Amino acid sequence: MATASFVRSRRSVLSLAGGAALLTACGASADSSSKPSKGGTIRAVFPGFGAKETLDPHVGRQFVDMARFKAVFDKLVDFDAKLRPVPRLAERWEADEDLTVWRFTLRKAQFHDGRPLEAEDVLFTLSRILDPDSSERLAKNSLSLIDLKRSRAAGSRTVELRLTRPEADLPSLLAFTGTYVVSRRYRDPAKPVGTGPFRFVSFTPGRSFVGRRFDDYWDGAAHADELRILSAEPEARANAVRAGEAEYAHEVSATFARTVESHPDVRIVSTPRSGVEGILLKTDRPPFDDPDAAMALKLAADRERLVEVVLGGRGAVGNDMYGKGFAYYPEDVPQRERDVAEARRLARRSGIHGKKLVFYTSTAADSFVDAAQLFARQAAEAGLRIEVETGPPESYFTDIIDTGAITSHRSGAMPIPTYLSERLLSKAPQNVTRWRHPDFDADFAEARATRDEARRSRRYQKLQRTLRDEGGQLLWGHPDWMNAVSSRLHGVRKAPPNTRDWARFDTVWLD
Amino acid sequence: MSAATTAAARRPRRTFPAAGGLLLLGVPVLIAVFGPLLAPALTGPEGAPYVLGDGHPLGTDGMGRDVLGLLLRGGRSALGVATGAVLLAYVLGGLLGLVAATTRHRWLEEVLLRPVEVLLPLPSLLVISVVAVWWRGSPLAVALAVSVVNVPAVARLVRAAALSAADSPVAEAMRLQGESRLRITGGYVGRAVLPAAAADAGNRVTTAVFTVAAANFLGLGMEPTAPDWAVTVAGSREGLLVQPLAVCAPAAMLVMFTVGLNLSADAWLRRTGLSGRDAAGPPADSVRKGA
Amino acid sequence: MIRYLLRRLGLAAVQLGVLAVLVFALTSLLPGDAAAVRFNEQAGLGQITELRAQLGLDRPLLERFADWAGGLLTGDLGTSLMSGDPVTGVITGSLGATAVLAGATLVLVLPLSLVLGLAAGLREGTRLDRAVSAVVLVLNGIPDFVLALALVALFGLQLGWLPATWVGTDGTDLLLRPALLVLPVTVLLARTVCLLARQVRAGTVAALHAGYVVQARRLGVPRRTVVLRHALPNAALPGVQELARTGDHLLGGVLIVEAVFAVPGTATVMIDAVRGRDVPVIQSVILLLAAVALALNLAADLLCHRLAPRSEAAR
């Protein structure tokens, strides 16, 4: 609702930030009557990724990585619960008339080595992300519109960024994964120096990270003395928090939530609609180059049942559009209902009725195989013969870029324009549905160059509607995000992953 | 269930452990063999995940599937893969061991056994996990992997047992009477090896059941939704406190099978007059010789 | 004896060599490679190709193997394709926890199974024998992971007597919190002790019925002496042989235990490496495990050689 006003005036930015602070204050008071107390060690357990875990804030992409980065670093901008940009290290920003020159004003903040944050640090960070010699910088693609040679420091606390094309949502791009601001003296990834609430102490990939409170944190020093971020498989996470070996377990299952329903020492903090679960159809080859075939599958899906079984009832039914509840989501589109007869008719018309179709899935996410099997049985009722095949989970997301006419899909929270640009533009790296339509690309380019927020929103919504009707995305559910929290830990807020209040340990306290 | 086993084992009369063993063994084996035939008639409709009752005598699993139906269909792969693998290992390993033990040519023995011994230190779970990654979730592939890792040990054991039989006075006598090599090997030595092999095979099937189950538990074996006892245990374990039967029923099947198999093997060995040697077969022979 | 030892060591070296080739072939042929795994959730195919080149994965298979084998001979195990750290460091970092688990198990397994097996074997047919045999039979029939789940659920979560998981602990905590070891080691011990106790019992019974023992008893040698001097060594023989063979069970057990209790050990590193297609790490871990298994086998055979020099097993 307010993204356009960010562009124009500083006042509205501040008022929004103030509003958010008020909101979060309410949220925090709900779970505890006690006043925040200092001290203690918070142990938070996240899904582990073994040797794949990293300390490099521009490379790590797993939740456990991001939780560590959040403790040690800050971004210029972060997201609120509706995935709208909110100020962090940048306290305000403004763009010129054609959205190609942006000025970000930095707040007063200090690095862990005692030096102040300056514009040069931000420029160094961007040059590190855009480093042509590195293949692993996450935001390299999404920030490639920044023309670094022409960007400059306008004073010690103002950065002027020049873009190669107009972009209304640049703050959002600076808030996404892999955009943490590092000190310009940062060379060795093993010795991270950031501005975040915890100083780095130690890190062992796949096991543990230890951070100690940074007293000069710009957003107010953290309550706890020490933060440990640990890695573990789902079962061990659940056991750890139940046995009192940890205070916070990230991502627990619906079954675990049922198990601890009446447990005195564990509660579940559940954030509704924090991502998407779905099925992707490749639209560049038979049979789904025919939108009727894709529609047959969309109508054959029993979404309520999928949510009930696969998500254990903890989620909302999806309407084949990403980002329910986020900014730019078209709320007024009626829910797609199951229609077996129509599905059968469309299947016959497109020639897939009774023909063998392969659903290529894997155990890459817990829900995938269950959803695939269940969907195959639902589709059978409309005369569709879907056989489930399981591939190696380790490289599944890479493999399905090329293979599999029907594949599994899951995505965490991100702004809708990011989702579209990463997955649905002709040249998008993760275009699993092979949605390649120059007019769609052009409409998207026009939308992101639109200064007026209401008009931009309408354009993004139109793109979403097109996808819903003709695209290869069967998005059947929006899962609740469930974290388990010990009764000793207070102040944990509901927040979708990747947003400002998610995995935030400076504002929580132990009793 | 374990109480029943203990009670059966404690009975003073020896026929009872045998009967108890057969009973324990019989239930899972019968279910494995005939379950799939009964499944369509007895499987309840799908329900909500992890509910007890509501038309499901054993409740539902995490996907809302009827646990009784899973139980009926899950024995074939759970027992079949392990038993088939051990059978195959015995066909291959037994042949190798027998030939190596009775051949007159030392080089042949070396050629046969050395390559096999190279495989001996291969960790079986690793072989399974790698093979399972290749042929995603195929029970046949898992069975092949299990049998491959069992071949060296079987070959060694059969060779040791056959050697002691081939050196025995009976074999000597047969040789002196001019019996053919084939007859001595196939007729006498082969039969002499049988008890030791049977005892070992019983143990090996148990271990194979465990190895396959462990691979499935670690997510390295079959498809995570396959109706297999071990897969069901692994898949439903997080619902243990919500719907215990989804874990306990298939786990009980596995335990009944292995305990029953051990009991029956023991009883059989006793009946065939190998009582004292129990499952130790050939080493006991070598003890006597060594001492 | 020396010649025997040398021959066995030579054989072991050949075995390890062949294994290295086998494992390399097996793991290199797995679908997907480290680059694809590292980029599994984001980034496009172009970046994967770049990374593949950086990691040297685009070179021919033989060249990569020669590289690795050459490094091995000079004591360099290469670097992990996942983290870029030296493999030696990755493995030694994980060895501590596994060594403590395996060590505690090995220290306890022999005395426990000897005591149980002897107690049952010496009193063959009595109530004690039947009780021990029954317990052993039932325990032997419970899969490791079922036992692990049951113990965690009961003692870790319901009763809260013992730690249910190792999450958050590292090697140094072990000395401070020995309670962490109780449940995992119990799981590891259960099956191994059962297998060994059965062998020891059988060996004892066989030894007591053997002609020479019966003869000695008839000649008036006290039962105690007969048991300690003659029956015991022979009874232990099958147990010792079996011990070497339990190496594989033990490894399987360690995999399960490390997974259930979230132990940061070598088995976890191996599973991670298989998932990450981290060929240098997989190979090094397997060779290490195989070397340990071979050493155990050799030690057992040597021990048997001493206990019963002419026995078949020592050939």
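Each chain gets a letter, A, B and C, in the order it is written, and its residues are counted from 1.
Convention: a contact is a pair of C-beta atoms (placed from the backbone, for glycine too) under 8 Å apart; a residue touches a chain by one contact, two chains touch by 3 or more.
What you see is a predicted model; the values in this text were computed from it and never measured.
*Asks:* Closest chain to the protein's overall Cα mean, using per-chain Cα means, please.
*Replies:* Answer by centroid distance: C.
*Asks:* Using the stated contact rule, I'd like to know whether B-C or A-C comes out ahead in C-beta pair count.
*Replies:* Most contacts of the two pairs: B-C.
*Asks:* Calculate how many whole Å lie between the centre of chain A and the centre of chain B, each centre taken as the average of the chain's C-alpha atoms.
*Replies:* Computed value for the inter-centroid distance: 48 Å.
*Asks:* Using mean CA coordinates as chain centres, what's the chain B-chain C distance in Å?
*Replies:* Centre separation, chain B to chain C: 20 Å.
*Asks:* Can you check how far apart chain A and chain C are, centre to centre, with Cα atoms defining each centre and the answer in Å?
*Replies:* Distance between chain centres: 42 Å.
*Asks:* Quick one: which residues in chain B touch 2 or more of the other chains?
*Replies:* Correct list: 133, 237, 241.
*Asks:* Among all residues of chain C, which ones touch two or more of the remaining chains?
*Replies:* Correct list: 30-31, 259.
*Asks:* Touching two or more other chains, which residues of chain A qualify?
*Replies:* In chain A, 235, 391-392 touch at least two other chains.
*Asks:* Name, in rising order, each residue of chain A that touches chain B in their complex.
*Replies:* So the residues of chain A in touch with chain B come to 234-235, 238, 253-256, 258-259, 308-310, 312-313, 363, 369-370, 373-374, 389-392.
*Asks:* Can you check the complex and tell me which residues of chain C touch chain A?
*Replies:* Its residues touching chain A are 30-33, 36-48, 50-51, 54, 80, 82-83, 85, 90, 93, 152, 156-157, 160, 163-168, 170, 259-262, 264, 268-269, 272-273, 275-278, 281.
*Asks:* Help me check something: in the complex, which residues belonging to chain C touch chain B?
*Replies:* Going through chain C, the ones touching chain B are 11, 14-15, 18-19, 22, 26-27, 29-31, 124, 130-131, 133-135, 137-138, 140-146, 149, 153, 191, 195, 198-199, 201-203, 205-207, 209-212, 230, 234, 237-238, 241, 245, 248-249, 251-252, 255-256, 259, 270-271, 274, 286, 289-291, 293-294, 297, 307-313.
*Asks:* In their shared complex, at which residues does chain B touch chain C?
*Replies:* So the residues of chain B touching chain C come out as 2, 5-6, 9-10, 114, 117-118, 120-126, 129-130, 133-134, 149, 153, 160, 163-164, 203, 206-207, 209-211, 213-214, 217-218, 220, 230, 233-234, 237, 240-241, 247, 251, 254-259, 262-263, 266, 275-280, 282-291.
*Asks:* For chain B, which residues count as touching chain A in their complex?
*Replies:* Spelled out, the residues of chain B in touch with chain A are 46, 48-50, 62-64, 133, 136-137, 219, 223-225, 237-239, 241-242.
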